[in-house]
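Going in written order, the chains are labelled A, B, C, D, E and F, and every chain counts its residues from 1.
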């Protein structure tokens, strides 16, 4: 199967890291492509960034459908454009927050999220509600690290995040940790070892869950909410998005 | 005060109608401008349309902030881009679904929403939840009318919508009607007369509520969730959206 | 329009203050009358006080309907008698807790309530639930001040409340403050300046919201829950309340 | 123990019926008194009636406390004045809606409420929520009978209610019936026989539950929400309610 | 009436204590039998223990039905086997967590649970949700005491539990305490005196509530969820459980 | 990896069918064993059956742990013994209701469950709530077929179920179907074709999801709720279950 992972921001080093983590866990028959959109923000740390990452994500989904992609992963913890992407895709589309929270609820009766900036905590809560996972989410913790700090060589991010995970587990009396940023994907194993409790990275969780869905022939339902959008004219610089 | 109403779709006749309805209820000191974005879909009937209407909405908010606009109304029942817009604006920003549902909950202990296409019903439910209004929303009814059918001279839309409102009220045992599309703004009075129960149009409700907030000096809180986005580079055709 | 504000307690100095705050924000065409009932408690700090404030509130609504009042505000943070009042009134009736919480949810993604005595916190939570605002309410904080302490010249209340607001904002990571007592109406501006975040007073919020509803011709729905009460005999000293 | 049952309306025939039903199930050592207040509505069919029944209920509670009453039942399905009554009483105070819903949830995994007028259905839902019983309540059905019709000799009410119970059970796939009016107390046994499923009358349920609480020495907690009201002046015709 | 109390664990000293507490509050006409199952764990401190206590509980219910038992109490705070037991019984079956939480919600507007081991806190939360009592439950506190420590002569358990109750009340600002283990039944009175607030023991609460239900002729509804199980073959060592 | 599927009932033909469906979708490296317990009911159609299937399930988990099994699937739509099983297992344990509902929520914004007997519908609702999936579950439909009717050669079950799925989709306006019985696993593909919408069978969904979890090294968290049970004596015929 062809699995396309879209990092909704335009930072190539993060896209590369995401691709590596994905390939490390993918089934032999899964061909992974990991891409950044041609347009949009270098990192996603606000509703504004998130909203403006969506056109680039959708452009990649449209291209993917032309290329016969079987499933998609949207690799940003805000799951930007998820519902719109599902309208376009025949196969499954998963967000990494969605995949991570689902996985967490299957191996622990509660989880804590550890994310980057405090201002994104509310978005995580909103997603937890939307996915039905609010009852399992004990709290959302910020590390006060920017997304791109995770990409900076020599950064102290690794140590700060591990420490925050340890504290979250203790304070929340929770049973596992959900990493709240695609840029943390490469830290999952190391932090698991440090804190001695399961740590879930959404990138790998989403890769395996989309493989699972495809292998039992489940794609996005085309009834109701996620049916293909109706064709209509689009104006201005977004004219190319018209589905014709 | 300067109040800017953004119709997130690019259909000028609808923008004109929205502007007229708004001006008819605005306070004497309120200067209304009603605009369509320079880019995006002719109508919004899917998550895809909605997502791609947001860049145009945000461009108008950015322009509004430069022009000293005091408050904004986003005039599409999906309230596209609401949270991102709030990050940019100093004054209040209201969506018409939000304003209509809040108003409805103040004058009836339950309401029914009557909207255009069935595929948008789920979005209305999601907004009702997000705004805390789910407990008041008895049901969301579709008329199986496209948004642009409301703009077609000679259309039967008026009669169909009035009839659906009447049925909704009876079936749901609800106490008032929320019109689920900005394009229905001009029907509010007529349908009120036909069904003999309060009918709420979000455009006029949002105009008056933003006036109310401004007059008691309330703007969007800049703490936490809706603080101004951090500056960062934007790539490709969205580069102009970089806040610098 | 004629707007009648009912302070459900019998303390005239508080009624005067409420009237002043209301007039300071009302539209030029709005004629404000602010009254205390002829009967009931000097302040409302328990379910008992609240229940016994209601006959006086309803007497004022009945008088208001005879006088052609267009809308009512019930100016006590417990919103006593709100639903009964709505049964009597043709126009809208708003409680100040209701108005303040709705307004807060439009300008911040969460709020904290700061009120007088700890024993009233539960009532605030119950109202938040009833209005659909529980999801936005981070916490309810008491100042351990009696209601009438707010009226005492030379009281330290002002300083204590401001400090409690500051703490609430920090502890709850909330985005704005809702003042939990009509007697705090005159502190709104000052506390806004001190804490540097939006502070919502329900009196002014309710005045502007009722004006908004009336200006778009929305009154209380007379279908279902808030239809006019059926006539029937009333006994004893409440006989005058019989609607005949 | 002394158990005082307060029928919040002033219709003596209903009070007598309630007293009889209560005595038929009370323990030998329980001395039942059933009273109507000296003031208030002849029946309770609106928020207005309900609000104005409360002073009379509270007067009876105050008298009961002076007389050494051990527990109280408020015998109207809206449970008027329950929280204020609890502030005054040392012993337990139960509403009949509260008692009936609790009992129903212990013997069936869901229940249907059958009540008098449609306009009171919403109140029943609100109480179900307040008591945590909403998850068990499948629906609330009205018989379109006024409360006093239940008292009219030769009325067809008995037949109509039994039929409505039968339908409710079938439509809702529920497991038992809660009778939604104190005036239906004497029908409980007969309807149980007709429909072949448990029928719960709140009057008898509340009598037995208050007996149960008293026998294990549980009274209303005087911490927090239901602590005794603070003394303060009361004005006008309600001056006698001042707790001094 | 015949009331059978089943202590789901096999520790006879605890069964004896439970029986004593039950008899101390039972009505004169109630004949109490208190039993332990013939099989299962010595104490219940995990989902595993709980699941394996159920066959023994059900064997006792089956025996009870043959003996004409009128009602049952399942005396472990996890309420193991409650729904299965209800399918077998004609009369009411109550769990002690269920009875205690219901009683607590009638005398306080919130409660705190104090239980034995931290690992059982989640089960208490789940039961609170299932019974509709989550909204009243402020928190669940563990004492880090094993169940059997409560049975050890000379244990310090009594002091530790009382202290935990005192702290819970203060931290949670709750209004009463629910004891979270049948083995604490004999401490109820003493702790009530120490902390000066109502303390609810589920054993005595359940005894009185089942008496209440039986006296108004309410048994488990045999419609729907708790109808008698269909007969079918059972294999292996559980073959005797086949209902034939 | 070694994946053990436990059919909690003792009907071998169903176990064989479940094994076949599982093997048809498993990864090449997955070794599937499908077993029935040595004890318990021939089918599970009540809380009683469910409770008594659990000892046999747990015996199989204990054996599995000795055999180095990496993950488990509990293949009955009531997910019996899930939490107890998780306490015993190092690897993940999934119920088929859990897996199916999670999968459904990833490919449709709502689902309908189609199950066997009406009396089991409530259990499905309860699981949906427990897993956070209630918001996606539009309704639970019964076919009035016993579980073993699905095993009877020549049965009309296939046709009846397909028709019920078709109706459910239309009535509920839902987007996919969850099959509510392990015995329906072999019908999934056929019904998908008939109704033209995604149909989810929990057996195959659970197989792929457990594979997914294991491949990213996620097992059941041993902190808190699902830590290994404490050792203690077990009495009577359950003595062998003592963990020693």
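Throughout what follows, a residue touches a chain if its C-beta (ideal position, glycine included) is under 8 Å from a C-beta of that chain, and two chains touch if they have at least 3 such contacts.
Keep in mind that what you see is a predicted model, and the values were worked out from it rather than measured.
> With residue numbers as the basis of comparison, which of the pairs E-F, A-B or A-F duplicates the interface of B-C in over half of its contact pairs?
Most of the B-C contacts reappear at A-F.
> If every chain is reduced to the average of its C-alpha atoms, which one ends up farthest from subunit E?
B
> Determine the centre-to-centre distance between subunit C and subunit D, using the mean Cα coordinates as centres, and give it in whole Å.
So the centroids are 29 Å from each other.
> Just give me the whole-number Å value for how far the CA centre of subunit B lies from that of subunit F.
44
> Report the inter-chain centroid distance for subunit A and subunit D in whole angstrom, where each centroid is the mean of the CA atoms.
53
> Where in subunit D do residues touch two or more other chains at once?
Within subunit D, residues 83, 109-110, 118, 122, 173, 224-226 contact more than one other chain.
> Touching subunit F in the complex: which residues of subunit E?
These residues of subunit E touch subunit F: 10, 37-43, 45-52, 54-56, 58, 81, 83-84, 86-88, 118-119, 122, 126, 129-130, 146, 224-227, 229-230, 232-239, 241-243.
> For a test of understanding, state which residues of subunit E touch subunit D in their complex under the given definition.
25, 27, 83, 92, 94, 98, 102-103, 105-110, 131-136, 169, 173-176, 189, 192, 197-198, 200-201, 204-205, 208-209, 211-213, 215-221, 223-226
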